[in-house]
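Only one structure is covered here, and it is reproduced in the block below.
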Amino acid sequence: MTIDTTPKMTWWNRLSHPGQFVALTRPLILPLALLTGVLFAAGLWYGFFSSPPEKYMGDTVRIMYVHVPTAWLSQFVYATMAVSALGTLVWRHPMADVSMKAAAPLGAAFTAMALFTGSLWGRPTWGTFWEWDGRMTSTLVLLFIYLGIVALWRAFDDQLRAARVVAIFTLVGAVNIPIIKFSVDWWSTLHQPASVFRADGPTMPGEILTPLFVMFFAFTFLFITLQLAAMHTEVRRRRITTLERRAARGEA
Amino acid sequence: MSGFISVLTREIRLSLRGGGEVLTLVLFFVIVGAIVPFAVGPDKVLLARIAPGIVWIAAFLAMLLGLEKLFGPDRADGTLALYRLADLPLSAVVGAKVIAHWLTSALPLILASPVLALLLAMDGETFWRMVLSLLLGTPALAGFGAIGAAITVATRRGGLLAPILIAPLSVPVLIFGVGAISASGGPDQAQAAALLLAALSLMVVVLSPFAAALAVDWGED
Amino acid sequence: MSGFISVLTREIRLSLRGGGEVLTLVLFFVIVGAIVPFAVGPDKVLLARIAPGIVWIAAFLAMLLGLEKLFGPDRADGTLALYRLADLPLSAVVGAKVIAHWLTSALPLILASPVLALLLAMDGETFWRMVLSLLLGTPALAGFGAIGAAITVATRRGGLLAPILIAPLSVPVLIFGVGAISASGGPDQAQAAALLLAALSLMVVVLSPFAAALAVDWGED
Amino acid sequence: MTERHVHSSLCLKTFALGVGRGETVLASDIALCVPAGGGLMLRGPNGVGKSTLLLTLAGLLTPLQGSVALEGHDADFGPAYHYCGHRNAIRPRLTAVETLDFWRGINGNPALSATEALERVGLARQAKLDAAYLSAGQQRRLALARLLVSARPVWLLDEPTSALDADGQQLLAGLIGDHLAQGGIAVIASHDAIALEGLAVFALERRA
Amino acid sequence: MTERHVHSSLCLKTFALGVGRGETVLASDIALCVPAGGGLMLRGPNGVGKSTLLLTLAGLLTPLQGSVALEGHDADFGPAYHYCGHRNAIRPRLTAVETLDFWRGINGNPALSATEALERVGLARQAKLDAAYLSAGQQRRLALARLLVSARPVWLLDEPTSALDADGQQLLAGLIGDHLAQGGIAVIASHDAIALEGLAVFALERRA
Amino acid sequence: MIALGAHAEFIISAYAGVFLGLAALIGWTVLAARQTKRRLEELGDNQRSNGSAQ
């Protein structure tokens, strides 16, 4: 890291120092957590008490309030990881590694939830838990990529080395995911003309949009909170590794 | 250039002297093709319909088998560290390895594919489309394989990690590969798939040596 | 006995350490199963029909890819030579390794098989037959695998010789395994296949440690 | 160590032994006799067959001619040979102490505990470290510690000094000295000198 | 060797170099300066960080602090470092001569031919043998021959004497001597003595 | 609470599943944070900020 002395860059320098980063961002966690809690409460209230059943799907539309935010996050988290990967490779930002590592399990979890809620939604609307439909399938592939990244992180002993290698894979994945998405859509229409009914045709009424947006922000803020907390933990974990190695070698 | 040839000949030599490595791949390829009829029963129409898919799955899995050897032994005996000090850029070394990998693990499969075509009751025209599709698509698999192998070599465990990393990435190759064989979508679609496959292969083959070289360089210690 | 436990715990430790070999294995199994639909198309009836074959091929492959690690690293670092001088008979060492191999590479697959069943649109009854079939058949694969790995390591060929040796041997396992799942031949045939599978497994598991130990003993230098 | 590790009547003998690789005879008509408490240094230029001879003594290679016998050894005590070769038999992802515990488990005749053995070879501080992270000399020390966790009368050491520092060489001489003093036998192939009195020397020569 | 291999103005320098593994610093503030024709011995107990320092000099590990520079080296000549470590980078199923030809191909700046290099290290007779069948010392000689087939100004040798017989040690000293005489640089980590005049010594010490 | 119509079980299980998933995620994050903090204290970390070296 080159030392930049211009005053307006100091926050960047401070953020790139792990200890400083923790000190700077730790006070954010509690407010973020509270905000997330309020948003969830509001979202659930809107979702169950103030929004009517939808005219085609009935009450199952309420699954949307958890399905769409998680599905959206499944992609947003990957974008976060890809940007962090660039941060690792191009700018060599020390916190980028940490962010990349913290995001992977979160992304996997949100993707799994999107799949779960999607298939529970699919049963009453399409009559099946699983269909090899383009969007569902590419989400499944995304889950595999996430899990692969988690496995890759765990396979390395030295997390600093791991970061750069994982960053390469994350970026290769980032280039490839649009191609996968395209190919899967192409594939599903190739073999099976669209026979599935999709809800995204009619524009949604406001009573449905409100809870959707509130839940959407709730999930996003939850991700931000968890991501920050996980980053702090990871910083500490690295410190522990250093201290343990040092202890093993008999230095105080 | 002469360095590139050196790596290429070394790799090919090593895999030809290995005694039956190529044979193993071919055997595996054929076994996968032969097992499926047992699973689905002797329905020829059905077999012919899923034949393109089976061929591609068999080829894909067979290429996964050889991945471990791409960088693993070189790492273990210290050769990989010396590659990083070689005059030849690491990406060229990896490029030569990718080519050798394709020559020793994809080409034999393509040569053996008539056997599979026979077992799966493929007709003549489909057979030729299959050969073309394999020719166009396997380079992409080799390239992805190299990336996977390079990324996992520093973890010193190899085995199944590389396959699980690259299998999701290879989905487009499978889809377009099968699309380029099967006639169900009409000849236009088969041709479009073949073109997409070729484009994908080209991109992967050109970029993978650099990505893999970066991974090797940064992962090693 | 305590020596046997030592080998067992060492092997299990090695495969659990350093983050989820087992996770990788399970992922591999599921990914292979999930990738097949891309090749054969999203037709659920068809998928359900070839599901037994897919499951067995995925399991076979997952176990095959782990074989290299059975004796390869032990040979490379000199451990194998020391096993031959150990108090514990070599066949007991190999036996412990076979058990550990099954525990760490077959059992997780069986536990993960529900996911595959869901993806491949398997019905409940078929699912249970699949679990049974895997339980009965994978020990034979582990045993054959050990023999193959031992012969490979003895000939210093490494890599893919083991698969080539055991692939033909494993064909009956795969065929009976698939037979024990698929209902195409009626319940009687499935049951007969399951029985044959059990008999095969029993025989292989009992004999393979001795055969593999012999191969290791004769081959090492 | 306990009483039974004193093997006063032992004698490692070879009868017209011929050793080699494949069909190539490297040395023939070797008649060795190493009594209890005796140490033998194998010397000779690179590629002459020292390692081959050691492997043959250990029973890991079959003799091309003649035979090897360990007289006075009771087979009930289990295998008699400890072999320590070029390769250290150390696996990544097991700590030093786990590695030793494993060998102690399968080699029988337990002597020192793993921790004691590590202390003896100067690795007490590295006990919980992944064994692959040890330096070359530390790995060699770990390999030597393996000889200490199970008692066996005959030690066959192939270039045991390699990668050891001055301190380590002394340690090695001490270990071998103790072993011989207890009535053990040691055959050592090495190009370095070992600071121990009274070692016999057997020089292998290149065949014409 | 040809003219251009004489590197009279070379100098290998380190500036406040700190080396280590992961985040553990093993040695810091190392300020070395090895001029053309100079040889440097690294000494120190097992596990002190000699191999780590050599790897860092070679650029195979990144320095934790400071930097390494080879002054006076023209980058057009290609990489400047030959590293020869614990592992010999020898693959089964390639003969000795094929192995060398391969390294000659990818390392650039060809000097001796593979056969000449084999002769120089005393392996002429084993040229067509599978390299994995060579004895430990012969494999080490083959690894040294790799340094001869492509000319590079700086040799970094990690325990090059291991497994070498007396003859081999002399050979090694001769090779290093010739290399230094031509204006090369050598940094050698070894516990053994090397029979060469005028080698500087850098002793690494265990950190408190 | 309102009636959830014919497919109540799907809605409830979707929400329950997501709730469990989120609870697990939060629990895991908190637990990991606690553990690392405790371990750091055990090791007697001298850096107040709990950051990494230097």
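By written order: A, B, C, D, E and F. Residues from 1 in each chain.
One rule holds for everything that comes next: a residue touches a chain if its C-beta (ideal position, glycine included) is under 8 Å from a C-beta of that chain, and two chains touch if they have at least 3 such contacts.
No experiment lies behind these values; they were computed from the predicted model shown.
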Counting one step per pair of touching chains, how few steps separate subunit E from subunit F? 2
Which chains are joined by the largest number of contacting C-beta pairs? B-C
Taking each chain's mean CA coordinate, subunit B and subunit D are separated, in whole Å, by 46
Let me have the rounded angstrom distance from the C-alpha centre of subunit D over to the C-alpha centre of subunit E, please. 30
Can you compute the centre-to-centre distance for subunit C and subunit F, using the mean CA position of each chain? Integer Å is fine. 36
Residue ranges of subunit B touching at least 2 other chains are 18, 73, 76, 155, 157, 161, 164, 167-168, 171, 175, 221
Contacts with two or more other chains, residues of subunit A listed in rising order: 144, 147-148, 151, 155-158, 184, 187, 191, 238, 242, 249
Overlap residues in subunit E, where contacts from two or more other chains coincide: 21, 23, 86
Partner subunit A, residues of subunit E touching it in the complex: 22-24, 207-208
Taking the complex as given, what residues does subunit B use to touch subunit E? 2-3, 5-7, 9-10, 13-14, 17-18, 73, 76-79, 81-88, 93, 220-221
Quick check: in the complex, which residue numbers of subunit B touch subunit C? 18-21, 23-25, 27-28, 31-32, 34-36, 38-41, 46, 49-50, 52-54, 56-57, 60-61, 64-66, 68-69, 73, 76, 155, 157-161, 163-164, 167-168, 170-171, 174-175, 177-178
Partner subunit E, residues of subunit D touching it in the complex: 21, 44-48, 51, 86, 126, 133-138, 140-141, 158-159, 162-169, 191-192
Considering only the defined contacts, which subunit E positions touch subunit B in the complex? 21, 55, 58-61, 78-79, 81-83, 85-91, 93-94, 98, 101-109, 150
